[in-house]
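Presented below is the structure to which this report refers.
Lettered A, B and C in written order, each chain numbered from 1.
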Amino acid sequence: MGSIRLKQVSKSFGSVEVIPPLDLEINEGEFVVFVGPSGCGKSTLLRLIAGLEDVTTGTVEIDGQDATTIRPAKRGLAMVFQTYALYPHMSVRKNIAFPLKMAGLDKAQIDRKVDEAAETLNLTEYIDRRPGQLSGGQRQRVAIGRAIVREPKAFLFDEPLSNLDAALRVNMRLEISELHQSLETTMIYVTHDQVEAMTMADKIVVLRTGIIEQVGSPLDLYRNPANLFVAGFIGSPKMNFVEGPEARRYGAHTIGVRPEHLEVSRDGGLWQGTVGVAEHLGSDTFLHVTVAGIGNLTVRAPGEVGVRYGDEISVTAPKERIYRFDKDGRAIQ
Amino acid sequence: MATDHSRTAARFMISPSVLLLLGWMIVPLSMTIWFSFQSYNLLSPGTEEWIGLLNYEFFLTDPAFFEALANTLLLVGGVLLITIIGGTGLAILLDQPVWGQGIVRILVIAPFFVMPTVSALVWKNMFMNPVNGLFAHLAKTVGLQPFDFLAHAPLFSIILIVAWQWLPFATLILLTALQSLDQEQLEAAEMDGASALNRFVYMVVPHLARAITVVILIQTIFLLSIFAEILVTTNGGPGYASTNITFLVYAQSLLQFDVGGGSAGGIIAVILANIVAIFLMRMIGKNLEA
Amino acid sequence: MARAVTNRRKAVTTLAAWGVGLLIFFPILWTILTSFKTEADAIASPPLFLGFDWTLENYGEVQERSNYFRHFWNSVVISFGSTFLGLLIAIPSAWSMAFVPGKQTKNVLMWMLSTKMLPPVGVLIPIYLIFRDTGLLDTRAGLVIVLTLINLPIIIWMLFTYFKEIPGEILEAARMDGATLWAEILHVLTPMAVPGIASTLLLNVILAWNEAFWTLNLTAAEAAPLTAFIASYSSPEGLFYAKLSAASTMAIAPILIMGWFSQKQLVRGLTFGAVK
């Protein structure tokens, strides 16, 4: 249970086509992340799957059944919204029970399932509170609770962590991953944060302006980005790109090197440059180096590095770590 | 953004309101237009006939029409002037730190909830009556002759009564607007060296401008249709001295039973109101987008 | 951060505000006081402010002579009836426009508002004739119909601005949770909108209670609400200040109290959400 297939699905608002026809397959039990910059159509794609928007063309299949015209409630999917979308006038218990009540379950069954979910999500203590009395993380858990009691075919998450502070985000990320491990249900997760995508996904779908740029496992995308966009989007800090004569030496229009693949030495390297700002994080040091004829490079050096503003250093990129792209931004194999 | 399903439901749910309001607009209004071309008096039924624009000609050349038009404009203009100047002053006063602010607010707002017939009668009898009214007593105390307000300054008296009713509305809206002014903005202006007067002129007044426009336009809509206050105080008199367009049309149709003439007057009133309405719609439309 | 204000300045503004407040409130206060006077005291010269023999007999007499409670009941039926009917029609409409806006939504809203600007005299004759011919003249049902129609645009607009503040995601969540359209409106939207619906109700009861064009023109004795009942005092019949005051006090008291509760919503309702 829980495979989803999009066939030639497109979406237009009026005359504006936000998603040109695309195909996508999501396998049972997979954790799929839609990632891309804001306005890339990732949330729209999720809403098409949910049934909150009608597709303009194409079909949405859930478990091999055509679900294109089925109403959202009948698709057997559960959704966790960015703003949590809790019902403010209902207690936590009633919030979680709402989908079950709508499904017409009897009271004993509802109570049992709600208690179970509350237990799993550590909400038992707050069960009689209203959403307004909960912290952001607790609200998030209630929203997840409301989704899991339905035992849906798949979970849809629409940027669920974007309203939480950084520390909480890391925690919730783990909790959602653990939930996926224990439930083994398909999850589709939308985010603009590539770190979330990399840490959680089985499969990442990178979107830009409604077009799928690449689909693959996190390490796949990291190792073999299909194009400049994916190369720049995945990985932090961002990949360095160099154009011009230096790129042509490698037979490419653009070359890219990840900051963590650049090696720093005091003398005798590939490129000579001047250190600008050095960011000392303890575990790593980020150096912003200006190289004549190439531009600014970001270097991620492990551990503590004793360089300062204005130091002259040399930077080397191992040949096998250099990504090459053609004039259209496509990767050259 | 939604699905076809919800859009269909939405259309279905909005239709009762639309149909009712459409009916409310079209049916009586087209009847009024139809009557306005007829010679039609309720006292002599069966003699209706098509007389073209004669009713309009009759209505528009009647000196009473021009007097009523002038009275309408004076009434609207006078009330607006009093309520906006008074309302701004009151709003600024109530925005100051005051002990018992909540109670003062309640006192100031109260007249708005008094039904028009009550306020008109109370003012007419207990304040403006030349024998037993409070104003007459006041005049006698300082050695003046009591003044018969409604006989000698009927329109002015009505303006006073209506302004008393609408002053709370203007005050309340301007006060709300004043309180929504960002305090940090004022503090930033103060840091930038603006004096209290400068802050008032450059920050507060522009901020209030929108609220004042709202007050003007909404009050105008209501003030054009003032009726009960005139009915119970002066009955439009003496002569036509306190008759406005609304009252003139009422008198023509329900007192003289002249359906044709009254209808022509009604259509003229609709046209006048539309001119005002166009401005109001534009402004509210802008706010809808904001 | 509020700044400290000297007590002296606060005393000055307090004095000014209370002075102006009492001045504006005085006609109402005077009416209430006069309602407790005898007719002789009511026109005493010089006027008696508090030093008179307090009496309740005016209230009894108003009821006895003119059957006050029938008019009061007419007012209640007409104002609440038209408001409830209006809400019933308006809630689904406001839901549609707030949560499923289409290209025409803005135009529909503006058009609805424009019907409110139709001057009543423009349709007085047809309505009068239609009512005469259908037997609706001087009936409460007739007034409920007219007041529902004239206040419908305000009701829709107020509800619309309140609904707009409810995040659409919550309704979508309900839809995902399996709620049908009616369940969505009943279990999720309505409870969340209760404060907004209550304010709308309050303001519209006030507006309908005080409406004095249609109530005066379409009623005679039978269905006359308080507005028309009070107007009948305009033809003087001897000394009647105290009784007029008693009748007036009774007519405005309930609405004055409701009005004070709704003062915050009043601004929003009467400006169609333009000022909040």
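Convention: contacts are C-beta pairs under 8 Å (C-beta built on N, C-alpha and C of every residue); 3 or more make two chains touch, one makes a residue touch a chain.
It should be emphasised that the depicted structure is a prediction, and the values quoted were computed from it without experimental measurement.
Without chain A, the contact network of the other chains remains one piece.
Among the remaining chains, the Cα-based centre furthest from that of chain C is the centre of A. Once CA atoms are averaged chain by chain and compared with the all-protein CA average, the nearest chain turns out to be C.
Chain pair with the larger contact count among A-B and B-C is B-C, by C-beta pairs in contact.
In terms of their C-alpha centroids, the spacing between chain A and chain C amounts to 53 Å. Chain A and chain B have centres, each the mean of its CA atoms, that are 58 Å apart. Here the spacing of chain B and chain C, counted between their Cα centres, is 16 Å.
Touching two or more other chains at once are residues 52, 71-72 of chain A.
Annotation for chain B: residues touching 2 or more other chains are 2.
On the chain B side of its complex with chain C, the touching residues are 2, 6-7, 9-11, 13-14, 16-18, 20-21, 24-25, 27-29, 31-32, 35, 90, 93-94, 96-101, 103-127, 132, 134, 137, 140-141, 164, 167-169, 172-173, 176-177, 180, 183, 210-211, 214, 218, 221, 224-225, 227-228, 231-233, 245-246, 249-250, 253-254, 259, 262-263, 265-267, 269-270, 272-274, 276-277, 280-281, 283-285, 287-288. Contact residues on chain C toward chain A in their complex (touch as defined above): 167, 169-170, 172-180, 183, 187-188, 191-192, 194. Residue ranges on chain B touching chain A, taken from their complex, read 1-5.
Listed in rising order, the residues of chain C touching chain B in the complex are 1, 5, 9-10, 13-14, 16-18, 20-22, 24-25, 27-28, 30-31, 34, 43, 45-47, 89-90, 92-93, 95-97, 99-100, 102, 106, 108-130, 149, 152-153, 156, 181, 206, 209-210, 212-213, 216-217, 226-228, 230-231, 233-234, 236, 241, 244-245, 248, 251-252, 255-256, 258-260, 263, 266-267, 270-276. The touching residues of chain A, when paired with chain C in their complex, are 50, 52, 71-74, 77-79, 81-83, 85-90, 98-99, 102-103, 146, 150.
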